[in-house]
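Mind having a look at this structure? Questions to follow.
The letters A, B and C name the chains in turn, as written, and every chain counts its residues from 1.
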Amino acid sequence: MLDWIQSLGHRGLSRLAAFGRAGQLLMQSLIARPEPITMFPLLIKQLYFVGVLSLIIIVVSGGFIGMVLGLQGYTILVDYGSEQAVGQMVALSLVRELAPVVTALLFAGRAGSALTAEIGLMKATEQLASFEMIGVDPMRRIIAPRLWAGFISMPILTIIFSVVGVWGGALVAVEWLGIFDGSFWANMQQAVDFRADVLNGVIKAVVFGFVVTWIAVFEGYDCIPTSEGISQATTRTVVFSSLAVLGLDFLLTALMFGEL
Amino acid sequence: MRMRTMEISVGFLMLAGFLALVVLALNVSGLNLSDQGGGYKVYARFDNIGGLTPRAKVAMSGVQIGEVTAIRLDPQMLMAEVEMKIRDDVDFLSTDSSAQILTSGLLGEQYIGITSGAEDEMLADGDRISDTQSALVLEDLIGKFLFNEVSD
Amino acid sequence: MDPLSDNIIDIRAMTFSRGSRTIFDSIDIQVPRSKVTAIMGPSGTGKTTLLKLIGGQLKPDAGQILLDGDNIPTLGRSELFAARERMGMLFQSGALFTDMSVFENVAFPIRVHTDLSADMIRDVVLMKLQAVGLRGAADLMPSELSGGMARRVALARAIALDPDIVMYDEPFTGQDPIAMGVLVNLIRRLNQALGHTSIVVSHDINETLSIADYVYIVADGRVIAKGSPEELASVESDQVRQFMQGLPDGPVPFHYPAPDYLQQLLQGSR
């Protein structure tokens, strides 16, 4: 029992230390002397890997989730004779919740794990040390562009997810189930507020993008530079960022929409 | 060459994101850019506003002509005072127009319906609509119905 | 040859520990200018750590590491980067940047530290690649190279800025005999042609001894022997002899510490 408490305390402390190192990484890579001009081509490259390559999975999942919402919403609402409200249901659940959360989870799996593995491999093959020996700070050369690329692409992917999802819902509800498309869109436009719903969703996406990328980059940078260490770090990235996204989502929802 | 395709595809991502935001703004949330600036304010007092909320629509013959911007309680009259913004191009509401709180559908949202009167003078910014009719409250309605049944 | 006459690197009473384990216990090492100095020792004695200490990537707990009189651990950030410009390092794995071509890898330090025109950079890079015999591989990606070739490209990158010191971290490990011969030859030839100082960290005895001018043998955090290869051959120390001749048992035991063999067998499974 005492051993158990001791090991718990030990693990807690080492987590705390890791958290401190993560903060240090953020400071060194973002706040200390950014170099926007030399960073730009690197940023484009990372935006390609992190953003463009995640686009397909985002579009496909967005479409399917919108379609499922349309179908489920219809079968529930038709009992109350208010199937016209399916548009607002699809749009609100997407814009407020599903788009930021599901995009962040997919992003953690698709881009976050790749970032961790890439940086971990760079560490294991001494590329990070090599940058240092050449006199280039790996924080600014490797870490900073990846962090920025994550921060920038997450909100964009979320917005695209929302739109594709709404279209998917419209496809099912209007084209297949035959809801009058005027009332579908009008109800939606009546219910969705740009400031309160759309922008709050985007704010969530920005927060999630920040957290997921931060975790991914840190786990890669902090991993034990062996093949086993990299695979553990990749797993940790997906697990921690998923938990962080879901936890933060509740917090942000309570702040934005709740009466807390 | 590879850098070039990368730049183009990242540009495409940015553009897609921007267009998607525009779609969200205009098509999904119904943000109407044209009515943001223009409009004049009109006030009306109601005994009971029911479930009316700010941003509810103000309509004439079912066509939206403005929206509710604020709802206050008037402490002297002990009535609800509703502030609404009417679009500038709707300048043909006479001073004796009447406002009533209506419900769209059986369980739908509540909105304000305006019916124009016969006066030659038109409503201007800051004017008050005096002829108002409050929201139908279901409980009152049921109460009246029962009372009539009993009295018969 | 007196190694103490003109030293480019002078490590004095340097102590370094990682966690509770002392890796270097107040060691002194002098690296003579324009010579090949080998630092040898069994695996796990922190030879790579020593190179990282010289490169300023790690800081010692005590003592000095002087590069031409400048104490590296106390240098500020920009001075440290200036000092690193004078050093080239060949990492054990080559450490080529996987997202750049061979050409870009060699050009990278030149681009970072100079304002040369694209033409000049191209000429310098091709010269360096020619020196390691891989001019024809300039457009390949690192993933397309064999291990020996990758290490030669990394060597070309390490000497791209004509450094004063080139550090080799286990350059021979895991190479086939041909690649090994090529590397041995290259290290010797480049050292003579370019006049830089070479520090070779290795446990490949024959290859290292064939190119080294001066050798340090490090074990258990201390220098257990030093001298020219000829001098070391005559050292009368069990520890040195075991290492130099590759004897399986000696002061470094064949068996990892364990309870008594017979007793453990008789004990049965617990």
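Assume contacts are C-beta pairs under 8 Å (C-beta built on N, C-alpha and C of every residue); 3 or more make two chains touch, one makes a residue touch a chain.
Every value quoted in this text rests on a predicted model; they were computed, and no experiment measured them.
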Select the chain at the greatest separation from subunit B, using centres from the mean of Cα atoms. C
Most central chain, Cα average position: A
Distance between the CA centroids of subunit A and subunit C (whole Å) is 43
Please tell me the distance, in whole Å, between the geometric centres of subunit B and subunit C computed from their C-alpha atoms. 77
Where subunit A and subunit B are represented by their mean Cα positions, the distance between them in whole Å: 36
Interfacial residue positions of subunit C with respect to subunit A in the complex: 52, 55, 57, 81-82, 84-85, 87-89, 91-98, 108-109, 112-113
In the complex, subunit B residues that touch subunit A: 3, 6-7, 9-10, 12-14, 16-17, 20-21, 23-25, 27-31, 55, 57, 107, 109
Subunit B partner, complex, touching residues on subunit A are 41, 44-45, 47-48, 51-52, 55, 82, 91, 95, 153, 155-157, 159-160, 162-163, 166, 185-186, 188-190, 192-194, 197-198, 202
Note which residues of subunit A are touching subunit C in the complex, please. 121-122, 125-127, 129-136
